[in-house]
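Common to both upcoming complexes is subunit A, partnered first by subunit B, then by subunit C.
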Partner chain A sequence: MSVELPDTTGVAEQSPEEIADLLGDLVIGREEHLNAPGFVIKPDTVVETLKRLRDDAGFDHLSCVTAQEYEDRFESIYHLTKFDDRTQEVSIVVPADKENPVSQSANEVFRTADWHEREAYDLVGINYDEHPDHRRILLPETWQGHPLGKDYDQDQPQVVPLREHQNPLLEDQQADNQSETMYLNIGPHHPATHGVLHIKAVLDGEQVVDLEPDIGYLHRCEEQMCQSSTYRYQIMPYPDRWDYISAGLLNEWAYARVAEDMADIEVPEYAQIIRTMGAELCRMAAHFLALGTFALDIYGDFTALFMYSIRDREKVQNILEDLTGQRLMFNYFRLGGVVWDLPEPREDFFENVRDFLDELPTALEEYHDMMTSNEILQMRTVGTGVLPPEVAKSYGATGPVARGSGVDYDLRRDDPYGYYENLDWDVVTEDGCDNYSRLLVRMREVEQSAKIVEQCIDLLEDWPEDERNIQANVPRTIKPDDDTEIYRAVEGAKGELGIYMRADGTEKPARFKIRSPCFSNLQTLPEMSNGEYVPDAIASLGSLDIVLGEVDR
Partner chain B sequence: MDNESAGFGAKDRETEHMSSDNQQPFVTDSSNVATDTREARLAGQDDRFNSRLREAFGSSPFILTKFDKFMNWVRGSSMFMLQFGIACCSIEMMHTYAVKHDLDRFGAGVPRASPRQADVIIIPGTIVSKFAPRMKRVYDQMPEPKFVIGMGSCTISGGPFQEGYNVVKGAEEVIPVDIHVPGCPPRPEALIYGVAKLQERISNGESAPVVVKPYELEQFGDLERDEIVDQLSKEIDTEDLVMRYNWADSP
Partner chain C sequence: MVGPLQSEVVLFPERIANLLGLSGTLGEIVGALIGAFIVGNIMLAMTGVAGPWAKRKITAAFTDRIAVDRIGPFGLLTIVTDSVRLLSKELIIPEGADRPSYDIAPLILPASALLGFSVIPMGSGIQLADPEAGLALVFAFASIASISLVMGGYASNNKYSLMGGLRAVAQNIAYEIPLIVTAMSVVVFAGSLQMSTIVAEQTSTLVSLGGISIPAWYAFVNPFAFVLFLVANMAEIGRNPFDIPEAPTEIVAGYQTEYSSVYFVLFYLGEFLHVFLGGAIMATIFLGGPAGPILPGFVWFVIKIWAFFLFTQWCRSALPRVRIDQLIEIGWKGMLVLSFANLVLTAIIVGVIA
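Showing the complex of A and B:
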């Protein structure tokens, strides 16, 4: 009874020494992060280093780029790993000059570096050489200063303009009078953008010529908030508010995992099972909303399917409310376990969950009847928004978006945590690479989640009463050693949700960086939409299932 | 009985027809009115039209009221909400509109996609510096009279993100708010209570007092010259609309 492990025979495993040999003279120093060996390189050799690691050692996934400022230097960290073997990780540390922080851009090797480095420039203030589009991404373009830098004055006034956006192709158009393009703003307040996303689209007739997502309309300083909160209790409520589509427990697990690994806390098995069950219930709720809003995008159906999905979400939310006491912002995990045991009477709780699981196949059949087997939906989604697996990997796409492109990558299996490795379930992939595949992946993942929840319920029901240990013994204040660095990720509802933390010997993290799956997934939108019709671009956006709270953080 | 009344009806039409032929269109013979139907109604056998209201008014279907009072009642009873989602609270707002809670029961459940068709805006989430000017623009596009419901702690004070460098400390810094619904996020029941309270206030003719907000959209050229304006003068045209945030003065 365990999940089938991926075939990793073709993936060579390198020891830190082998990587050091491979990089040779490029390495000017070594660091030890809790999750991976760190290699310090010069700021002008980023492309060469990453290329060598990607092509010769198989590190094909740039998971995250962290930027931070020390007393004496700036630093960018490239967290690399492999799609075929997530447990192999390496951190490339690139220090930059304090006075004039310039570092080479990794955009040439990994397309995903584009946005990550823009964010690093925006918030921390490192300049990336050879970056194709070097400007702010989250804050308004007229912002003064870099808020996560050391000398930022939060009280200084700021001026934010509200002006018309320019058609970026206007000049080309004037050069030759043959073509005529139209500039279209979609958002930031628009029903199809799933929140406050702004899309700058240039159209030629009904076709999209150029499309650029403009984000930052919900940038509410989550990293700053976490950096000014204590490890033990104060940070935990914030993850609930990153991916707020009921995926709270999944996000909380991201923080719980990174903090527990950093402070070396062992979680009791019973608590791990409760966590696994809660997290999968959250995943189902999140996927239900993805289905409902996707239907809303495709045929403007505010009646049947949207209501169906809300109906099923209400059921899940009722169960989660029984478990955690909250409908949406659970704050249920604690470092070392969960806050309280299952609600009494336990039999009623188990019965409620079983009832929900029993009704689920019928409900899913309804969805299939109305969505996947609906000819109109198929015409709109099959073959549109195509995202080839290689492109998806280069952009660091994860979660259902990557799995819809046939990338067999799921952290629950590939980098096991919680109780997943002891349960029987499958990673869902589809090879279509289109909007339809991503929809199918989500629907089939709901089934897998139900399977996991069912097994957890069975385990919890039979658990001996005197062994129900919900929390490990954790000290009241947690102060990890100075300069401890760690990057850990979990499989959130939308994909790989990672957190980088650096401790400075106090009870608050010195740097807290969130790797959001939606941020990377959204980057693929222009790739999927350019050359397609406008409605297909909208469908592609719906199939990405983004949450702006997590994109902008 | 039914057959008979139908017969009377036919006879009535016949009489009318005849009278129009006689070039006397406005003269009716009151003895020929369908008395049976009326009697059936008043006797309570046929209560199709006899609501409690009708009973209270007697047989005369007229009420006397002030026109503005009537308009306020109409406004409160039929509110068109703007479909406007910002952050976490918009998920609970969607649940409020959808099955189970069904805001439409209270005459307030048809979200409009365009601000020009809406008269209530629910602000469901954190407002940050980049979004505040856009929200102000959306609010300005709504026709008068318009009402604002602030949903969640973020629209009251910035909520859990109040200390953020980028977060506007409450919706009232930008637009007037009629009703605040506290919570993080408020439950759908709380939002429904807030909407019901707003309806009550509207039908009583109350609304938020109009005051000058700390953050307004203004032309860049009209800003007072200071260090930051000088720095930005190359990047922003004098005619561009801007919003200036004085973070130090925020509560």
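Showing the complex of A and C:
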């Protein structure tokens, strides 16, 4: 009884030596990261290197771009992997000059590099040559300095009068009279932006000509805060605040996984099952909310569907509250396990979960009756917001967004962690590539999550009392060796949630980089919306299910 | 067919004049003013109940919530507090607003709806006027609303408002024609545009089932026309699934985005009045007007228009919104063709039978 592993027979597996051969003299040095071999290349050979890896070795997923500053150099790391086989990874390390950090942009090979490199420029200060849109992304245009750089003065006031900076209003924003198009600001305060998002839209009548998401309104320096906290206890509460829509435990697991792998901590099986159960409950809650808010975008106002999904999410929240003592910011995971065992009396807890699972098919039937089988909804969502699989891959889209485009990619199965590989469940994909498919994927994933939770409950119920070990022995302080580097990801509610950490021998990470699935997913919005009607662009945004807390971090 | 009933109809202003013992021109003027005052206030009062209270309660019932229940029995006094709250808010007028039209637009919307009620027979003798072309007149009044929407949308100097205004015009043109063409099929049956005649024609018995006689309401005589009219009516008054001129999640609030305080209240009132007017037209030409057993006519009239209001709220809770291009397509390619087919068929059938 285990999940069916993906068919990777067609995917050639390369040893580090083969990759080194492939890259030939592009490689100027080697590094060893805990998750993957690292190859150091010259800053002006990025495109060629990535192209070779993508076309000849099948590394078609640029998962993340990490930038950081050392005492003597800047460095960008391209974390590459394959959509067909997530376990194969390679890190391309691109050092850049300390005085004049310039590195070639990877945008030509992977579209997702666009935003990732803008972020690297914004926060760390590396300049990317040949980048099509070299601007800040998270911080305001007027920001002085690069906050994650070494020489950044944190006490420097950032109130910069416009006269000391380029005045954005100076340039005439009004289109000339002959213009056929209309410029429209959607957000930052708009009923359909699901948070504080600003979309710069150019419309031709009701149709979208061009659309550009403007993010960063919710940037809270999460990476910086994690870098100034200790591995052992202080970082764990933060992940809850990235994707704050019920997905807390999934985020915590991202940190737990990367830190446990770095410090080589083995999690007891019993704790793994509790984690798996909690995480899937969170996924269900998150998907319910995604469903409800998508209904808001299509139906308008507070409709029955929104309340139904809130009702079901509430049931999950109650279970999670019983389990963790919290409803939103759980802080339940610890390195090496979870903070406490299931609530006593255990029978009541199991009964509550079972009641919820028993009612779930009826509830889902209700959703299908009201939503997916509604002709008007189908009219609105089928064939709109189309995201072809190749485009989705190029933008690094993951999670339900990629699976709605037929990309069979789920980290729970492809890069197994927790207890998933011992359980019986399926990865859900839909081939429609449209808003409807993404909706269906989420609804069917709720069913799969329920299946997982049910199996976990069965296992936990029969677990012998004296073997209920919820925590491994973890030292009080964790100080990984200097220069240990690792990038690990888990399947969050919205997709691949990855974390890169570099240790410097202290009990705090020297670099903590979060790869947010929403960040990459949101990048696909212009692809989906250009040429569509405004209502469909809004629906596409809803179907992406972004949480701005995670986009902006 | 046009019966002697017509001459017997005593209109509401005349009754008031008689009651006051006034006659001649003075009686007509005083009676008309008092009559209009009463009818207008009845409708405004209903809107007052519907807007801040009933709408919330109904939606809450559809979505498993409780809604307002803090002030007064069943939260009824919320109506008072909400009125005070809305009226005491700051009236914000955006920079660059086109002043006279920005201020006039919120007046036109409720006024057009109230004018429409002047020819509606509300039962128990409440009907202000009964002109020969009553049905044409009520549609004419109702469609003045579009002018208000496009005025408000244009004058607000806001792109969302402009989009809302344009959508409203496109939608109203697309649905007004099917609406009126469908209503014409009723005229073919009744042989008159006069509201009282249309109502009177529906009093005869269609069939008798076990002693219960089912009246010849045009909804029963021609259910197809009724459904067509219902759909076109929803689009005409801009309710779900055709609430496209407002479409909160797309264009914020459409033409009323920039309106606040009293102006917003007027728009809000106007919208509800138009919903009730839509219901009143439906009741009059398809549901036998104020006719009904036991209860007085006016009560039946109120029940019928509230039933229509309930229906709009039901749709609001349950139906997704169509896209603007789909809406126009349904209007021009579907509804228009169907309504003409309905008219031609009705004409042939009536011609053959009569």
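One rule holds in what follows: the second predicted complex is superposed on the first by the 531 of 553 C-alpha atoms of A that agree within 3 Å, B and C clash if a C-alpha of one lies under 4 Å from a C-alpha of the other, contacts with A are read in each partner's own complex, and residues count from 1 in each chain.
The definition used in the following text is that a contact is a pair of C-beta atoms (placed from the backbone, for glycine too) under 8 Å apart; a residue touches a chain by one contact, two chains touch by 3 or more.
The structure displayed is predicted, hence computed values, not measured ones.
Visitor: Where does A:311 make contact in the superposed view: on subunit B (first), on subunit C (second), on both, or on neither?
Guide: A:311 contacts both subunit B and subunit C.
Visitor: Using the superposition on chain A described above, determine whether A:417 touches subunit B (first), subunit C (second), both, or neither.
Guide: After superposition on chain A, A:417 lies in contact with neither partner.
Visitor: Is A:191 touching the first partner subunit B, the second partner subunit C, both, or neither of them?
Guide: both
Visitor: Regarding the shared-chain residue A:128, is it in contact with subunit B (first), subunit C (second), both, or neither?
Guide: neither
Visitor: Return first, second, both or neither, reflecting whether A:500 touches subunit B, subunit C, both chains, or no partner chain.
Guide: A:500: touches no partner chain.
Visitor: Looking at A:425 after the superposition, I want to know if it touches subunit B, subunit C, both of them or none. Which is it: first, second, both, neither?
Guide: The answer is neither, since A:425 touches no partner chain.
Visitor: May I ask you to name which of subunit B and subunit C touches more residues of subunit A?
Guide: The partner that reaches more residues of subunit A in the superposed model: B.
Visitor: If we overlay the two complexes on their shared chain A, which of subunit B and subunit C does A:206 touch? Say first, second, both or neither.
Guide: second
Visitor: May I ask you to decide whether A:297 touches subunit B, subunit C, both, or neither, giving the answer as first, second, both or neither?
Guide: Only subunit C; A:297 stays clear of subunit B.
Visitor: Of the two partner chains, subunit B (first) and subunit C (second), which one does A:159 touch, if any: first, second, both, or neither?
Guide: A:159 sits against subunit B, while subunit C stays out of touch.
Visitor: Share the list of subunit A residues that count as touching for subunit B in one structure and for subunit C in the other.
Guide: Looking at subunit A, the two contact sets intersect at 191, 306-307, 311.
Visitor: Under the definition above, what is the set of subunit C residues touching subunit A in their complex?
Guide: By the definition above, subunit C touches subunit A via 59, 62-65, 159-160, 163, 240-241, 243, 246-252, 316-326.
Visitor: Of all residues in subunit A, which touch subunit C in the complex?
Guide: So the residues of subunit A in touch with subunit C come to 182, 184, 190-192, 206, 295-304, 306-308, 311, 370, 374, 376-377, 379-380, 533-536, 538.
Visitor: Quick one: which bits of subunit A touch subunit B in the complex? Just the residue numbers, please.
Guide: 139-144, 147, 152, 154-163, 188-189, 191, 194-196, 216-222, 224-225, 228, 237-238, 241, 244-246, 289, 306-307, 310-311, 313-314, 327-329, 548-549
Visitor: Tell me, which parts of subunit B touch subunit A in their complex?
Guide: Contact set of subunit B toward subunit A: 83-88, 90-92, 94-95, 98-100, 113, 115, 125-126, 128-135, 137-138, 154, 160-161, 163-167, 184-185, 187, 217, 220, 223, 226, 228-229, 231-232, 235-237, 240-248.
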